[in-house]
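Both complexes below contain chain A, partnered by chain B and then by chain C.
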Partner chain A sequence: MAFKVVKPGLSTTIQDLGRPGYFHLGIPEGGAMDRFAMRVANMLVGNDEAEAGLEAVFMGPELSFEDDTLVAVTGGEMPILVDGEPRESWTSFVVKAGQVLSFGFLKSGARIYIAFGGGIATPSALGSRSTYPIGALGGVEGRAIAAGDVIPVGKATDMTERSLDKALLAPVETPVSLRVLPDLYWHRLTPASQAQFFADEWTVAPEADRMGYRFRGGAPMEFVARDQPFGAGSDPSNIVDGCYSYGSIQVPGGQEPIVLHRDAVSGGGYFTLGAVISADMDLIGQLQPNTKVRFVEVTMEQALAARTARRERLDKIRAALG
Partner chain B sequence: MKTRYSFGGDEHVYVEVDEEMSLEAFFVALSLRNAVAEANIPGVTEICPANASFEVRFNPDVISPDEMMARIKELEHKAEAGEKRLDTRIIEIPVYFQDPWTHETLMRFRERHQDPEATDLEYAARINGYDSVEAFIEAFHGQPWFVSMVGFVAGLPFLYQLVEREKQIEVPKYLRPRTDTPKHTVGIGGCFGCIYSVRGAGGYQMFGITPMTIFDPTQTVSYLQDFMVFFKPGDIVKWKPIDRAEFDRIEAAVKDGSYTPRIAQVTFDLEAFNADMASTNAKLMEALNGV
Partner chain C sequence: MTDIVSPLPGTFYHKPDPNSAPFKSAGDTVAVGDTIGLIEVMKTFIEVKAEAEGTFADYVAPDASPVSAGDVLAKMG
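Take a look at the complex of A and B:
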């Protein structure tokens, strides 16, 4: 089984749930930015949730199928077409051999996820098929898909069409709130600057990708005065190069916060003021440039409660689709 | 040294052994990192070491963040008593200083630099008190460097110069990071040297380029067939200046599989190093003779 890439879209990559275990060498976990959407797409086609699918950002690909394939599209809202006929999102449907899957313009969100019954069957690298272009790992020869690529798909176990009750999806709020646990190098900021970070409204900058999301529009940060430690570098935002957490927020020069995401650099010399909690990482993957965002301070208890709520939502969906 | 513990969201504990860089802090961080690994704490998914810090990633569904942090803190006494000795290797890394590729790149990003009128080498030589670029290059490669961290991107080593602190070269990073750096660029930012393992963004001052591949996802390079990443923390590097002809020869040899890096097994003992840096370094470098 296979499908052929007619048009690749903007930057469409093969992703699964990532390759944990190599961050200590600078190779990030990677995998779907919006894990929730990737998992549900796989559930809808009867796959294991860890199977590989496609992640397309802002623009969908055009794919032509060589065999009858069960397909589901989740994530951002983008019209889905099979030979020009509309299909539902968060619903699986059969694309017949010879038919073409294509997409209209993005209506909301930033990324769509396409799952295929049987899962994408490209070779895995370090335990994952996820594409990490900087390290030329996974995907198709370590890169995004390109016109003419023929992507192999595994053997599907069932062709049952399923549909998700959209009431089970989390409601989308505006402005978007990203919950942050302040810590790490939070003490480097003055109390006034700490308060300002949470008070300001930020917008997603154009420099927003799988490695990190940059935000602008808030006030520049003020640092607690100190003699810079040896080896850190002279800027007050510099530290002796340390490890970065997934979701951690660095602010080079105190100017524009960057939230590190799935393809994060593993370390570096900028202070980090805390991290976006694990429950809100998926949400970042659906933010378009210019989206208005507020960072909301939470405690560890609140972070863990949000994590539990996210897991329970997935459990409910599993039960509904299982 | 004062160890500081913090949370990176709900999935990471970040342990900073010291705010400033020193080999003492590196060794305490390494011992504590090893103690955490040996303790087999349930829920730990990965441990990432850095220069003077490390980070533990864990699954909070398995162990609560407070308990995770408490378990790491319990091990601190072990780390302080830990051995500051390492069985490791010294590797000769050929470098073509003042090469055309980093020169082209640094000219392209001059407006992001502290001194747009000078090259990165001219600037670094001047602010570190050297009369000439040649004298600065000599100081850069004369003594060995210690790999104190691997990361940022795939397999990139951070290196710490094995000389007295007052002799250590220090430079600021570019005012604004470049969007491009040639693959295998050798540079320095703060007190840390580095080799860019892949082409990409970067902020370190650029001095030269090595013909040696240090990250190979295809694992076809002869010395990277066992694993795609060349460096690990604790490795010791001796730079060897080479010219264009030598660069071309080595690059071709890496490609056709006939290149073998010069490597010798050595022991690095921090106390011995602190007691007599010159003779410790001389012994380390001698190990490369006859390889």
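Take a look at the complex of A and C:
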């Protein structure tokens, strides 16, 4: 079983749920930017949720199939075509041998996820097939897919077509709210600057990628005056090197917040004012450049409740598609 | 009139760099595959190419402006 890449799209990578366990060595977790969409795509084709599929950002690929394959597309809204005929998103369908899967222009969201019955069967690296291009790890030779690649697919266990009731999806609100838990270096900002960060409307910068989502449009930050400690750089946004978590928000020079995402570095010398909660990280993976965003302060209790709500939503979908 | 639309979201530029002339001006001949502008996204510049031949009319999206996938960037006569 295999499919051939006719056109790769802008940057289409093989992703699964990631490779946890190596972040302390500087190797990021990686994996789908919207892991919810990747999980549901796998459920729709009868795969284990941890199987690898494709993540395509802003532009879909064009794929030619060598064998009958059960396929599902989730995530952002982008017209799906099989030999030019439309197909539904969040619904699995059979693509027959010789047919071509292609996509129209992106309508909303930023990334689509394509799952294949049997899962992509490229070699695993450190326990994951996820592509980490900077480290040349996973995927096809450690890179995004390219025209001419033949991607192997495992043997499908069943070819049952399934459809998700879209009422089970979380509604997307505009402007988008990203919930933030302030952290270790929050005290470096003045109280006025802390309040301003949550009051301002921010805009996704075009530089946003799998490493980090950069935001601009808010006021520059003001720091509490101090003598920089030994080992820290001279800018007030510098700290003695510290650890970064998935979702942490660094603000180099106090100018533009960057939310660290799946392919981010694990530490460095910029302060982090807090972290976007885990329940909202998939949402970031669906933000287009120029989208308006607000950051909303939450407590640890609220963050844990949001994580539970997200897990319960996935459980409902598992039950519905089981 | 044929529309040239943006294949993806990002920032649209008329020029290859700030000090150069725009890729096309009104009245220029456009061949299939000619670059008419650049889209910047994820620290990458993607060339927008004409998919039909004709005569360039004008840019619709301003230089250095944010665009969405499917937005009209330029018109051809």
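Here, the second predicted complex is superposed on the first by the 322 of 322 C-alpha atoms of A that agree within 3 Å, B and C clash if a C-alpha of one lies under 4 Å from a C-alpha of the other, contacts with A are read in each partner's own complex, and residues count from 1 in each chain.
In this text, contacts are C-beta pairs under 8 Å (C-beta built on N, C-alpha and C of every residue); 3 or more make two chains touch, one makes a residue touch a chain.
The shown structure was predicted, so the numbers you read here are calculated from the model rather than taken from an experiment.
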Scan A:Leu101 for contacts with chain B and chain C and give back first, second, both or neither.
neither
A:Leu178 in the overlay: touching chain B, chain C, both, or neither? Say first, second, both or neither.
neither
Across chain A, the partner (chain B or chain C) reaching more residues is B
Figure out whether A:Ala156 sits in contact with chain B (first) or chain C (second), or with both, or with neither.
neither
Check whether A:Ile317 is in contact with chain B, with chain C, with both or with neither, and answer first, second, both or neither.
neither
Between chain B and chain C, whom does A:Asp209 touch in the aligned arrangement: first, second, both, or neither?
second
If we overlay the two complexes on their shared chain A, which of chain B and chain C does A:Val45 touch? Say first, second, both or neither.
neither
Contact residues common to both interfaces of chain A (with chain B and with chain C):
none
Give the list of chain B residues in touch with chain A in this complex.
6-12, 14, 16, 18-22, 45-55, 57, 60-61, 64-66, 149-156, 158, 160, 165, 170, 172-173, 177, 189-192, 197-198, 200, 215, 217-218, 229
Touch list for chain A against partner chain C, complex:
10-11, 57-59, 105-107, 110, 206-209, 288-290
Interface residues, chain C side, partner chain A - complex:
5-11, 40-44, 46, 66, 68-70
In the complex of these two chains, what residues of chain A are touching chain B?
20-21, 23-27, 125, 134-137, 142, 181, 183-184, 186, 229-235, 238-248, 252, 265-269, 272, 274-278, 300, 303-304, 307, 311
